[in-house]
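Consider the two complexes below, in which chain A is the common component and chain B and chain C are the respective partners.
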Partner chain A sequence: MKKHPLLVALCIVAAAIVLAFGPMVLPPFYVRVGQIMLYSAGLGVAWAILGGFAGYASFGHAAFIGVGAFTAGLVESQFPTLAAPLLLLLGFAAGAASCAVVSLLIAYPILRLRGTFFAIAMLGVSHVCSEVTNNVDIFQGSLGLNFPQIAPAGMDPASFFYEVYLAGATIVLLIAWQIRRSRFGAGLLSIREDEDTARMLGVPTERYKRTAFVISAVLTGMMGVIYAHSLGYITTESVYRDDTNLNLIVYSLLGGMGTLFGPVIGAGLLVFVTQVILARLLDFHLFATGLLLVLLILVAPGGLSGLLKRRKTAA
Partner chain B sequence: MNLVAQTLADGLVLGGIYALAAVGFSLIFGVLHVINLSHGILVLMGAYIALIVSTELHVDPMMTIPLVMAVLFVFGYGYQRFLIQRAVDRASVNSMLLTFGVALMLQNVMIWVFSPDMKNITPSYAFKSFTLGPVTLDAVRMSALAASLVLLSCLAVFLKFSSLGRVIRATAQQTMAAQLCGVNVRHVYAMTFAVSAAFSGAAGIVIGIILPFSPNDEAGWTMNAFVVVVLGGVGSPAGALIGGLLLGIVNTLTAQYIGPSFPNVTMFLLLVLLLLVRPNGLLGNAFSASR
Partner chain C sequence: MAAPFVRTAKAQAKPLVIGGSVPLTGAAAETGLNVNNGYITAATYLNDVLGGVEIAGEKYKIELKLFDDASDPARATTLIQRQIDDGTELFLGSFGSNIVLPTAAITERAKKVMVQTGGGSDAIFTRGFKYSFGMFPRATRQFAAASALFKTLKPTPATYSVIYNNDAFSKTAAEGVKMSCDAQGFQRLDQFELPAKVTDVSSVLASVRAKTPDLLVCVVHDQDSLLIARQMVATNTNVKLLFQGLGPQLASYREALGKYSESILCSTYWDDSVPYKDPFFGSAKKFHEYYKTKFTRPIAYHVSGAAACIETYVIAMQMAKSTKSEAVREALAAADFDTQYAHIKFTPEGDGDPLNLGGMIGQVQKGKLETVFPEKAKSADAVYPALPWDKKA
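And now, the complex of A and B:
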């Protein structure tokens, strides 16, 4: 069955509209959980543009969350009198620009690495960014950075940020969908399957990888800008987090590596499990995440969509 | 001049220990092509076992090396045979994530058992030191360095001359050909992992003597091992030694002349520089598995 190309986009938009009513019906705790789910889903999809489509699994995307958030905060603090919507736009522009510059700078050396080497080198990038932010005074990483309150008066900030996250995640998903069905997206998939053959057949692999890397970094940075605003105050530790680095891989692994909706499903599921089911067992968190990861790789290396596919072919 | 000599000497001592701490990681990667992200956990397990045994039995921590190596040898064999082997033939990122999952679980267990506090092993000669020309060396660091060099040499001899060592090297070079010659590859993989775990545990003792440690350090030791392997080249004690010494010198020089919080930054810049000019590592072929 051939799906009509616009059908997927319509489904995404329709789902977004339905979800937009969430804060009106959900109790406050679940609005908060919904925020985290949408944030994670947006990040997961942004990660998957490089990690899922092109097969370059990054272990350090928190670097871009941090770079985006800190640049946005520093630029915004220069314009204290600006109106809230303009301020957020300015933050987005600054965060996106800084992530684009950083990712372009490191793209050449780091994309020469493949597989696990790329993954770990990205972890290094994330640690270095975090250390620089923490130790160079102008970034105020150890001191912390305040963000102005941008929720409109009369609206509950939690609901407001829920909607902003929803908008962000929807845009990221639409961009990923557009990439997936373009020639560029097909090129990325061919890189994942066999990079050397793809290059031999005339796919401009270097340019495609670089573009995917920059797009993924910029979108991650923009989610980071929203995250920083919703927290209101960030330090180095609150944005450069190793558990984020890991979770971004787990979302795709759980939902299905390289699929469009895999990271969304994986993020929703993992956030539900850790925030709702394990909410009272904080000491147990690390262990549970590790166990989940081990079981996932041993039992379902293709993720949930892989399991479904295996069932289908077996039947 | 004195400061430079002292810094270089400290760097070399630290580098020798980095080399020992990385050699297990290097061997596993060279033979199994698995990035073992639970490497730091193996190192810390060695340190904690040595801490408990040496305080309970009042023996010198160096005396616990055989015991620690034996325990980790058995642990490593089982860990590889029952868990990692199941993911070893799949995509490399999967085996890496598997070891990461195990690392998270064991780190949590260590926090329950040993508390998240910093610990250190204090031998009886903790505060003795001696001078050599312009350079002051303390006894603890010197014994740690000596232990590292002896252990590294033992491993090199083992790999070079013993029959198991020869089989391990053959498997690393051509897994398929080794299999055709009758090598039981699964057994060799497990033995390699066991030997690597044993040496990681021994490195843990040496580290525990000179530096404080806590369950949260494991990622740092894994990263260090990775950098050492990329710098030196994969799969050989000599590569680990070169990479380790280089890293040790760079770390102490940075901490001395740029700032105590920047060693990771220079370490990473060095890594990128090396990838640009010599992507195979200084010795050997670090990236054959990733190409």
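And now, the complex of A and C:
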């Protein structure tokens, strides 16, 4: 049965509205877990635009979290008297612009690589960005960058950032959904399936890949801006994290590679397991997380959405 | 014999829960393990050896609830929030300013106290937090002890130059050097940024010779300190005093330089010869001995600092006659006592008092490292000005 596009959009918005009531009913701990889930879901979907739809699995998207966060912080620090909402908007604009520029600059050489080579090259990009931020004085990566408190007076910052994360993740999801159902999205899927054949059939593969790369980078950078604000102070190590690079792939693997909601499900599941269930295991939480991931991938190699599809087909 | 036993059984110790997160995995794990070991050492000693601590007439046993934050600030915030929701009143800090600050923001909002030994960034202590206390001075004040010593030297030095590596540790330290020395009225002649990996400093030393500062301050890593000192000897680059943050503490450095190491100054954060009297362990030496019975990992100053966090808590609670966060906060703000780590005293912003918790200054004298500052810990007077290299040979 074909899903009506308007219905899907309405479902996404309705789910976001329901989730927006979270801080009113959830204990503070779960509000923070919710923040991380929404942040991870937003990042996971942004990653999937390139990695899931086009099949270009990046192992270095943390580069854009860092570039977005540091640019926003540096630009915002030049306008200390600006009102908080304007400051956040300015941060978004600066973070998005910097990620667009960086991704455009590297798109041509790096998108000529495929598969593992592309993944490793992106890891290199992430490390180069990290080193530059750390070692070039104006970026203040080693000393750290302060972010002003932007939560409205009288509102719990945790609840405020929960709502901002929710808005960010919803926007990312709606953009990804719109891409998925467009001609452009179909082109990306054809690239994933067989890039050479797609090009022979007239799909402008280079332009499509480049566009997907830039959109993915910009959305990742914008989530990074929210993350930096929610922490209040970042150093290079806060944002250029290899575990983030890895997790972005794991979200899609868990939820279903190439699907729209796969990264959302994967992020929700992994964050719940690591932050709620295994958080108290001081010595072996990483071992338990790894074991769980291996088991999940063995049982459901196509992710949870693949498992559901298999069950439906069998029935 | 039965009476004390009965009394002990009746007065069963209450649990005193102290929560927190530590990086046992991830980028900060190496130091995180030291911090964790320090917390465990103090808690087990107070519980097992002393049988608990007495606060306001009641016996308590420390119950640590520490979780691995995997060096991830986001994970650390959820761990701390969960403990606040569970009713934990007192917290110990993680390691790394990028983790300590977001977690301190949460404890601050919940009006719960945090004592930490892992975050020195100025950002932690300039946000108006009232419930966070650090065992170090903020980064830009960490050189205050050295610059205070420079000011006492006769004849008073007038000028300085600073050399640092292009990395996080050195750059932060260099900022502190510049702020402290400028504040003391010393004139800065030059600052030299070396690459992270250094093989030759001859061009930098040529510039040093051209202006010849009274003080040359090097906040570089151990091996770079040795390289600079050797090239200074080779090129006969003389200054009245050479300060090298890291290097001269090591016997290998002093052996490598031989007589040329004479009079070189350095920072010494902690070793088991510090003279402070500790109300629980007795002394730093006894603390170290007890640590060795618990862990095979070599001791580091972070272990001592972390243990002092718990000792500081206990002393503050004994002073406040309460275990409640608000009362403990007030007692911590008024802290002025010794532990095996240092003399504990905080600034109104919560960071360590620069002169008491800013580390000590050592100087190589007759091949040995003597403590020359602060007054309370010193084992010898500082030698100034140092002899030129050719007179040391």
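Following the convention adopted for this analysis, the second predicted complex is superposed on the first by the 307 of 315 C-alpha atoms of A that agree within 3 Å, B and C clash if a C-alpha of one lies under 4 Å from a C-alpha of the other, contacts with A are read in each partner's own complex, and residues count from 1 in each chain.
FYI, a residue touches a chain if its C-beta (ideal position, glycine included) is under 8 Å from a C-beta of that chain, and two chains touch if they have at least 3 such contacts.
These numbers come from a predicted model, not from an experiment.
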Which superposed partner A:Ile249 touches (first chain B, second chain C, both, neither): first
Touching partner for A:Ala279 - first (chain B), second (chain C), both, neither: second
Contacts of A:Phe79 with chain B and chain C, given as first, second, both or neither: neither
First, second, both or neither for A:Asn135, with chain B first and chain C second: both
Touched partner set for A:Phe287, first chain B, second chain C, both or neither: first
Which of chain B and chain C A:Ile234 touches, first, second, both or neither: second
Touching partner for A:Pro28 - first (chain B), second (chain C), both, neither: second
Overlap of chain C and chain B interfaces on chain A (superposed complexes): 134-135, 283, 285-286
Residue ranges of chain C touching chain A (in the complex, touch as defined): 24-28, 66-68, 70-75, 77-79, 81-82, 84-85, 96-98, 101-102, 105-106, 109, 121, 123-124, 127, 166-168, 171-172, 175, 196
Touch list for chain A against partner chain B, complex: 57, 106, 109-110, 112-121, 123-125, 127-128, 131-132, 134-135, 242, 246, 249-250, 253, 283-287, 289-294, 297-298, 301
For the chain A and chain C complex, residues of the former touching the latter: 27-29, 31-33, 36, 39, 134-135, 137, 141-144, 146, 156-158, 227, 230-238, 241, 243, 274-275, 279-280, 282-283, 285-286
Complex contacts: residues of chain B adjacent to chain A: 35, 83, 86-87, 90-98, 100-109, 111-112, 219, 223, 226-227, 230, 259, 261-262, 264-265, 268, 271-272, 275-276, 279, 287, 289-291
